[in-house]
């Protein structure tokens, strides 16, 4: 009986030939990362409860300030300062204001075959490069930071076979929203979502990350795409080498297999307040919006910015709409700048933010008020996620957000894209 | 007997042929500016006073800049209240995220030379740079202007600052005004008009002149005026021939005249926590800093970003040090992006924020905690202005801030120029 | 040994996410003591001030979905919640709760019998739940031995320190 | 305005700026009542609890310098401070204070003679401030400004103008 990619990575990380779903293993991690959402608690546990003196490997522990950048209060600044002091003391890689943590990890650290643990739920993004990433809380993280090991239950795998081609105005973002809508917010709880099929083979790394990033929104432990030439080229162009290029065996066991055809896909939108309450944009009716957001670890990369710029170029957004655009990293920002996209955004009336989590996280830039409606490319539309408990969030593609910012109401982007 | 520029603007406005400092009189208001943080209060007072219609909707400008982007759940209320009032009163000039009010007012030509303008912000003195009489007032008085179009003022005596000669390398308008503040003190011009003149001032760009006028209020001044010239007329898009009289008469009466030789100037910093606590940069070299800030209505213009880019080009900001850059307006951001300036700043590690007040107003955009030090291009270094009362703020020119960010400590910017 | 827990029930629906348990804007407060007053703020503003030590949270499917914020189980524990019973848990919340020594019990059946403020008795060791108010008994899903070991030690830190 | 009152002194220094009187971070609080708990927060956070109605603030030069935020005099008026006696005031603060019914008096010598906790008596009719045995002259306030203070500020004044 064969193994899936996820099982193979876990077997290797735990020094075993074979692992099977349900088995509890102790695995060695390749990297661990923590951001300013919880690191102040990690440091407290590390220093005051574990009484630890050293991190397990200073090259494999990464701290990233990305959630509240730049800080909006002295209390937040205190958290950032604590991270800076710890990073300096332990001589670990430290980033501040350089981008959303998962994008920085993908650009600077992740290679196929790794096991990566981070104190953030969207760590499953790294599956886009064929690495097993999963999010944990700060106690788990702190123990990993100290020992380099973690206990894990080997998850079942679900397979998603994607065929066909996107129609204009339809993106990977629409696909993952569609999938989550179909299987539900706990449809993959504790499992691996493995994305494959002829369409995914042609996907860019950006698109693969879009799929894997939101696996956690279906409850998954990780999302994975088989690493191939596209993944190898991505990491090699950044001076790194793959650790292992695992492929799922022909006879690997999946708990379930789902089939999707992109030719049939249309722009999708998740309506408040659940990520799995997903309908086609065409069915949404007249919904007025107060704010749009393009960014986040899900949808703030160059391809999404290009899609938005194509719609916004030479136009002005609705005067009563605030449109916030936050490129996912400094590298993405600079590329967008070189391609003239930043000029387009500034001139259309958008607010171009520094690379950070922004309103996807909802406690720093672009917080929305009582009764306001946000359309976002972020990861979640939970009640109150972007500000006031009585506010609403719709999740859609960058193109849908851009089209909606022009009209002031939720708008199908098709017809506005070439 | 002649009159000063300030007196002449008031005389033009009131139709008077003579005027004396200390005299109280009513002026006809040409334009007013209200920003988001005080808009709800102006509107509330306006209603409490029993007014129903504003005197002239075309003379009112709303600018949302202090609470942009919103950082706290209640921030949006200010924008909603102002939006509703603007719609009700037919006020069309509403800028929701286009930049800092004092940059937009002259840039978008809401203010032109010779006008009398009030704003609900102390740095309304900025428009003196283009030869307007402009000053900050509270929201109650603004509500009264909304209703009546008038305000009583006391005619201020004028202090003249006559600055001559070429500025040495590494010395900018910010260094001039900080130097003056250090000399006359934070109350050295209380209730007075400051007038900046002389060959140095004539040689300054409109942007640099705005830096001078902007900080006049830090000496307590009511206005900080500069005679308009061809540069001003071009900037404001007005016919200069009709405004030739907008300059002080040679026999005007000044309360005092200060003479400065610009060639002796050096880069300076205002040390914590008073704007008039001025030291030469040379004396402060080596002072550790955690964060730099380039932006605000004082120093967030294209030439400010440009000089920072010249220093940062091909270099990296010191580890564990931040540099936050906030262009003063949307068009400045766009121009800087096109000119390659933004690319240089971001390459070097700067954190680019959208045009707004940002850190200067102390509500978001890089608030600091206990023990942290900021070096900034804005106008105030008051205790706790940027967060913890146990933090410290130094004020300096964009060049000095950029150089400090490179080394994580205060350094002489001239070594990078 | 984990004590038998007895307490009043606070019942919530399906998909109670981590932003409902503790919203993002409070996560960077310096410690859990300052955060706990905001527990469940979006759903029930008075929760933190009226909940009593020993009380039990009852949830539907997918309790604790969303972010990895360990502050979610931490604020519950800081308020004295003795445990959470739900039809199912989101993965990261489940781990986090075990790691900080907050008992989490999976039981599909008890949910429908519970009304607000019913008294429940939970025996994690035996895998039983009793609704004392309604006098009904239910069985809960047993936890894997490794997980029970951590819970019995009082959480991951104590577990590691003991090792 | 009826001109005699006595109050306990709180003493502050030179250049008490508007960010000290009320920091920006509290300006978007919904009401002056919410804001007044943060008066003098960066410098002396304890004062918000201690200042009682009728107390007098004595300060050095350039009191109220900085921003045009009217919340600064408004919260001092809301705390029902009897008056402020400073060596000098910043311009915008001065206007804002009278517009909000807050009385400001100017004197150069009192500051160096008094200590925190002293009782000071104000006699507006004679433009005098009395501290123990000593009497200090303050600049007289024009009658119309005193009337505005008495009326509660510019708002009631405008209401009257509008016949409301």
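Residue numbering begins at 1 within each chain, and the chains themselves are lettered A, B, C and D in the order written.
Here, a residue touches a chain if its C-beta (ideal position, glycine included) is under 8 Å from a C-beta of that chain, and two chains touch if they have at least 3 such contacts.
Treat the numbers as computed from the prediction; the structure is a model and nothing was measured.
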Just give me the whole-number Å value for how far the CA centre of chain B lies from that of chain D.
-> 27
Chain A to chain B, mean C-alpha position gap in Å, rounds to 41
Expressed in whole Å, how far the mean CA point of chain C lies from that of chain D is 53
The positions of chain B in contact with two or more other chains are 72-75, 77, 363, 367
Which residue numbers or ranges of chain D touch two or more of the other chains?
-> 25
Contacts with 2+ other chains: residues of chain A = 73, 75-76, 78, 367, 387
Touch-based graph of the chains, sorted into line, ring, star, complete or other = line
Let me know each pair of chains that touch one another.
-> A-B, A-C, B-D
Would you mind writing out the residues of chain B in touch with chain D in their complex?
-> 37-38, 41, 45, 48-51, 66-67, 72, 74-75, 77-78, 119-122, 124, 135-141, 143-144, 147, 185-187, 190-191, 217-218, 220-222, 274, 361-363, 367, 380, 382-385, 389
Using the touch rule from the top, collect the residues of chain A that touch chain B in their complex.
-> 69-78, 80-81, 84, 87-88, 94, 96-98, 290, 319-320, 322, 324, 330, 333-334, 337-338, 342-343, 346-347, 349, 351-354, 364-370, 372, 387-388
Provide the residue numbers of chain C that touch chain A in the complex, in ascending order.
-> 15, 17-20, 23-25, 27-32, 41-43, 61-62, 65-71, 73-74, 88, 90-92, 95-96, 99-100, 144, 146, 155-157, 160-161
Contact set on chain B toward chain A in their complex = 68-77, 80, 83, 94, 96-97, 319-320, 322, 324, 330, 333-334, 337-338, 342-343, 346-347, 349, 351-354, 359, 363-372, 387-388, 391
Counting only contacts in the complex, chain A reaches chain C at residues 24, 36-38, 40-41, 44-45, 49-50, 67-68, 73, 75-76, 78-79, 119-121, 123, 135-140, 143, 147, 151, 153, 185-186, 189-190, 216, 219-221, 274, 361-363, 367, 380, 382-385, 387, 389
